[in-house]
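These are the structures, in structure tokens.
Next, two complexes with chain A in common: one pairs it with chain B, the other with chain C.
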Partner chain A sequence: MLQEESDLSLIIAQIVQKLKGSNLYSQLERQAWASLQRPEIKLESLKEDIKEFFKISGWEKKLQNAVYSELSVFPLPSHPAAPPEHLKEPLVYMRKAQGSWEKRILKSLNSMCTELSIPLARKRPVGEQKELLNKWNEMGTDEPDLSLFRPVYAPKDFLEVLINLRNPNYENGDSLSFRTHLGLIQVPLKVKDIPELKECFVELGLNIGQLGIDDSTQVPPELFENEHVRIGQKVLAEQDSAAAQQYIRQGSPTALRAELWALILNISSQPEDVLYYEQLKTNVIQHDLLVDSLIYKDVKLTASNDDYYFVFEDYLYQVLLCFSRDTSVLSHFAFNSASPPKSYIRGKLGLEEYAVFYPPNGVIPFHGFSMYVAPLCFLYHEPSKLYQIFREMYVRFFFRLHSISSHPSGIVSLCLLFETLLQTYLPQLFYHLREIGAQPLRISFKWMVRAFSGYLATDQLLLLWDRILGYNSLEILAVLAAAVFAFRAVNLMEVTSLAAAEKKNHLRELKSMYLDDIVKIHGLFWLF
Partner chain B sequence: MAGKVKWVTDIEKSVLINNFEKRGWVQVTENEDWNFYWMSVQTIRNVFSVEAGYRLSDDQIVNHFPNHYELTRKDLMVKNIKRYRKELEKEGSPLAEKDENGKYLYLDFVPVTYMLPADYNLFVEEFRKSPSSTWIMKPCGKAQGKGIFLINKLSQIKKWSRDSKTSSFVSQSNKEAYVISLYINNPLLIGGRKFDLRLYVLVSTYRPLRCYMYKLGFCRFCTVKYTPSTSELDNMFVHLTNVAIQKHGDYNHIHGGKWTVSNLRLYLESTRGKEVTSKLFDEIHWIIVQSLKAVAPVMNNDKHCFECYGYDIIIDDKLKPWLIEVNASPSLTSSTANDRILKYNLINDTLNIAVPNGEIPDCKWNKSPPKEVLGNYEILYDEELAQGDGADRELRSRQGQSLGPRAGRSRDSGRAVLTTWK
Partner chain C sequence: MSRVLVPCHVKGSVALQVGDVRTSQGRPGVLVIDVTFPSVAPFELQEITFKNYYTAFLSIRVRQYTSAHTPAKWVTCLRDYCLMPDPHSEEGAQEYVSLFKHQMLCDMARISELRLILRQPSPLWLSFTVEELQIYQQGPKSPSVTFPKWLSHPVPCEQPALLREQGLPDPSRVSSEVQQMWALTEMIRASHTSARIGRFDVDGCYDLNLLSYT
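Showing the complex of A and B:
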């Protein structure tokens, strides 16, 4: 009991510390000062009166939302004596693997740099700056020669690294037994089993109404949809983050989604946020970074060719180019197993005073990265708001999909969860696919790394991402991936090669799948 | 049981031919005994012309109405709609109600249009009222964006002036005729781009009016960002959404610059809200039905005919839809793989409705297909059904009161619901 209490007070102290530096704090201070003029504020009961004022005017709610936001992001409680690396990643072997993966990426980036004789960063001449400013809303029409650029890595390269992960303290013996894990991931991380998943995702149970299922043709709207919309409007009126997060577990009505996500992520477009975005835009105009070309190439290869997202090509540049320069993103590395790559000013290699993070936000984009932003364009058309939402989604969720860690929402755990679910509950299918050299993870890995963006129709994808926000976890990606295999099990049993499994419409047709086909017919967890 | 359906076509498109073949129909030439002829618009002119003396027998069906041009020629469409509005006004119908500026409340869905050279003076009068406006010149008889240009100065259309010495008044053949319409220079933009809507509407009979709307319409985006700037008036890539034009620009063959109508719906609901989006789609259905009602009295309701129209609609930034034109022969060319599938299914569903059971047709049938064969079509308006319920519902729904039970919901069109107003 004492330990819990001291843990709690530690967390509270840390959150207070964090919030003290925030804009909200200064706003609250200003409001408190201004409230002194109000008649109901009396000197003898100053504290209570101000508190009451905050409650009535909605400022207390804003503070609540901010605290809730911090709690959602806050890493799991750890020992007070634990060093900061443990916050990033407690397991040494994982840290080491991430470290060497990063070295490889950086090496690849540097060699591309040298090969093409392009500096990592350069200041644009004034003429070029003017030109870019004029073209800011249609950078997609630019056709720079990107043929020599290649993505620094693709998901399948990353998968190979994960497959080779080993815990040096773990000996699983040479003999195969029924306990042997037959999948590609060979590290002993704890993942939830079906009973635990059912408990965790209780709102996805068959007996509870869902959007994406219970609002489709056969169910009359009075039964579920209308009431659900009404409650959603109420949640928005109350401006309560925690309530919104609970509500969205059952899916969000299309018209309310943009506001709900902003509420859950605690994003409100203040003038300073718009200014910050404009500042980033200025940075883009003034300096050209090598990663910009990588971003261009990625957008041209992925989003520009996508049926749903090609329309928003220009927004993607506007978001991603600014994102690369946003140093506020660096703070998330405190709880990310990854570390921002360091580069040195020319000629000062190894001298710490001349070290800079490259790119400024520490995130090197990989093939498909722009697909994290694309679906958001259906919700937000104001660039600075779109930017804020994406940045928050990245530092809360997406970073976990491309760094090596033991976190339950990290990509390693998701892969293991996927394989375990399949092996435990669909052993025949799993074994068959393995025998024909079509390890299921090789097919589903790219879906999970991209959080299914580009693989599901947008309206279904948004329903999926509703649940990611609602449960503050990415585990649903692994469960959905397993459910897709289960749904197509019959067809997949007939397939005779990896190429056939991927080629045949069974899995290519994800885009025409409806979540309710998978979920309703079987019930997501009762599938197994 | 009669033999197999014998078909002819003068349009060599795989989406058509594959559909005929999959039904086991037999190809014949037009000189032989045929049951089904999918004609181009030139052929239909010949078939029904007075000289031809063609008599279709009861077991023959064609895919055009004899005088479809009342709807599909730009000038005649406008003429018929104007006539229809005046008639409603004369009989005191509440549909013809106008606002304080004299604009029709419910029937203002075609941009202000004049015929040239016939209405040249009227046009000049209108032009002078707002001299900074842009107008679009379209040749009456052409398609695919051919011959269209934008003007913002009277001097640019001098040769259509009736008084001009250079006018081709003498050779006033139909081919020289143009329409000039107020250009919608505030189109709704998505991702900064202009787009229009292509919707397919099947009419099986005009009197009583029975029409179906294909649920899988699409949006056609321009490849270049939109700008109303006068310097770009000549840049057709900015202004004209026809694929025939955009194909020559920075065209992508995977998505073809097209969005499904359900994407549009998702985007609008997410960014603008559900009510305004539903209202927009209701209005679109409304204007299609009104345009058909406008031409119904002058249409030759030949029982051997059905027709699948391609409606082009533009939405402005106030979310008001405008009817641009109606195509009698919507393109059956496929620019992407998705396109091919869509058009194949379109023809398939059209044939299922027009030629019931795929058997030798009898043009005397009641043209009421069972619900199961509609495929991706939804009933847009059925005059027979509607008349059962009384005409006053029409007015109530137009005045924004509750529209009554939804006619049917569908997942594919993002629940685009067709109202049951009359």
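Showing the complex of A and C:
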């Protein structure tokens, strides 16, 4: 009991410390001072009266939402003897693997820099600054010469690194035995099995209504849809983050989605936030980074070529360029196994007071990165709000999809979960694909790394991301990937090569699939 | 509660295995680590901390003096404590662990020796052990802070009847209100906000060398 109490006080102390630096804290302080003038606040019961005032005026709810947000994002405090690296990633060999992978990325970026003789960062001359400011809202019309730039890495390069991940203390014998993993991932991480998934995703059971399925034209709206919308409106009126997160597990009505996501992610557009975004915009205008060209190239190659997202090209630049300058993102590296790249001001190599991170937010974009932002453009049209939502989604979820870690929502665990599900429940299909040299993970990896963005139709994708927010976990991506294979199992048994498996319309045209088809016939409900 | 590190000598681990260690195919699933305290008198154990390395279950036996004249006896104080919920997977494999006196099966007074029995039933791991073992005993109690008397127990002074008749407020109530206000101002003064800086350049300059590999 003593241990639990001291753990609890440690968590409380950590959250209080974190919230003390936030806008909410200064707002609460201001409100408390202002409330002293109210007649119901008496001096002898000052504390209780102010607490009562906060409860009535809704400020207590805001504080509750902020605390809930902190609990969702931050890992539990670790053992006092554990060094900071342990919080980033407890397994030593994974930390080492992430370090080597990062070194490769840095080398690649440095060599691009020297080959093209372009500096990592450059202050823009005043004329150029004015020009950029004028065409801020239409940067997509710019056609810079990006032919010499290449993305730093693509998901398939990352997959090769994950395939070669080995635990030095694990029996990685050459001969096949019961210990050999038949899939591509060879590390024995703990992944949930079907009974555990059933327990975890209980709201996705057959007997509970789902949006995207039970609101289709064949089902009369009185049965589920109307009531669900009514509850959603009530949740929004109450402004309760925890309730919203529970509600959204059954899907969100389109009209309420933007507000619900903002409530769950605890984003409220205050004047300070708009000001912060404007400050980032100024930073973009003043300094030109090499990373900007990578972002341009990525948007041109991916989002601009996508039927759903090409209209949002300008928004994508406005969000991603500002994202690269945002130093507040650096705080998430405390629980991310990755570390931000470091450099020094020219001429001051080795002097710590001239050490800086590059890019300022520590995140180097890879091929397809802009697809994390693109679906959000359907929900938010005001650039600073769109920016805040994307940043929060990144530091809560997306960073786990491109760093090597043992976290249950990390990409390594997702890959292992996918392979384990497929092997356990579709052993014939798994064996067949393996025999023809088409390991299933080679096909589904790119879907999971991008959280299915660009691979599913947008309305279906947003229903999927509803569940990611609702369960605060990315495991649903692995389950959906396995479900897609289950859905197309019959066709896949007929293919004879990896190229055929990928090229044939079975898997390529995910976009025409409806989640309800997959889910109803074969997928998640099949699992249950 | 303060704690004091007890200097200990950790002997090398001994594998318990049936048959010849060299020729048998399997790996030992049980290891024993003895911990002695050469320069310390029998003490009361408060806490054990260590870093796990693929050990699944831990048992601890202690050599304890029950009374002054009887010889010390071995007692099991922890039996099959689970460090890895699934011995075949990585969960809990490299975690930092603390074990406290209140989790033990017996009282931890007058300990002279410790024996850790590590078990790892899964054949998948090449080796297992515990690292960074540290034993703590209870430290001296922190000295009680003495508050000035007037702060904690305002002396009820005699109330001249005159004051009350004049309709002035009750002095003890006023003093408790002043006390609360003082406490609030102290709290506000003590807290400091951790403001976000937001600058990524150094004095307006962001002209960089190539990225460093550390």
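Note that in this section the second predicted complex is superposed on the first by the 508 of 528 C-alpha atoms of A that agree within 3 Å, B and C clash if a C-alpha of one lies under 4 Å from a C-alpha of the other, contacts with A are read in each partner's own complex, and residues count from 1 in each chain.
Convention: a residue touches a chain if its C-beta (ideal position, glycine included) is under 8 Å from a C-beta of that chain, and two chains touch if they have at least 3 such contacts.
This one's a predicted model, so the numbers in the text were calculated from it and none came from an experiment.
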Message: Between chain B and chain C, whom does A:L36 touch in the aligned arrangement: first, second, both, or neither?
response: neither
Message: Applying the document's definition of touch, where does A:H287 land relative to chain B and chain C: first, second, both, or neither?
response: second
Message: After the superposition on A, what does A:L133 contact: first (chain B), second (chain C), both or neither?
response: neither
Query: Given the touch rule stated above, what does A:C377 touch, chain B (first), chain C (second), both, or neither?
result: first
- request: Using the touch definition from the top, say if A:L116 reaches chain B (first), chain C (second), both or neither.
  value: neither
- prompt: Between chain B (first) and chain C (second), which does A:L71 come into contact with in this model arrangement: first, second, both, or neither?
  reply: neither
- prompt: Given the superposition on chain A, which partner contacts more residues in chain A: chain B or chain C?
  reply: C
- request: Applying the touch criterion given at the start, work out whether A:A334 contacts chain B, chain C, both or neither, answering first, second, both or neither.
  value: neither
Task: Examine A:V311 and indicate which partner it touches, taking first as chain B and second as chain C; both and neither are also allowed.
output: first
Message: Quick check on the output: what are the common chain A residues between the chain B footprint and the chain C footprint?
response: none
Contact set on chain A toward chain B in their complex: 137-138, 141, 216-217, 253-255, 257-258, 304-308, 310-315, 377-381, 458-459, 462, 514
- request: State the interface residues of chain A toward chain C in the complex, per the touch definition above.
  value: 1-3, 17, 20-21, 25-26, 43-44, 46-47, 78-79, 81-82, 86, 90-92, 103, 106-107, 109-110, 113-114, 119-123, 167-171, 179, 187-190, 276, 279, 283, 287, 325, 327-328, 341-346, 349, 353-354, 356-358, 360, 406
Task: Enumerate the contact residues on chain B facing chain A in the complex.
output: 190-193, 221, 224-225, 250, 252, 254-255, 257-260, 262-263, 266-267, 269-271, 273-274, 338, 409-411, 414
- line: So, in the complex, the side of chain C touching chain A is made of residues 49, 51, 53-54, 85-86, 88-91, 93-98, 100, 102-103, 123-128, 132, 134, 173, 176-177, 180-181, 184, 191-202, 205-214
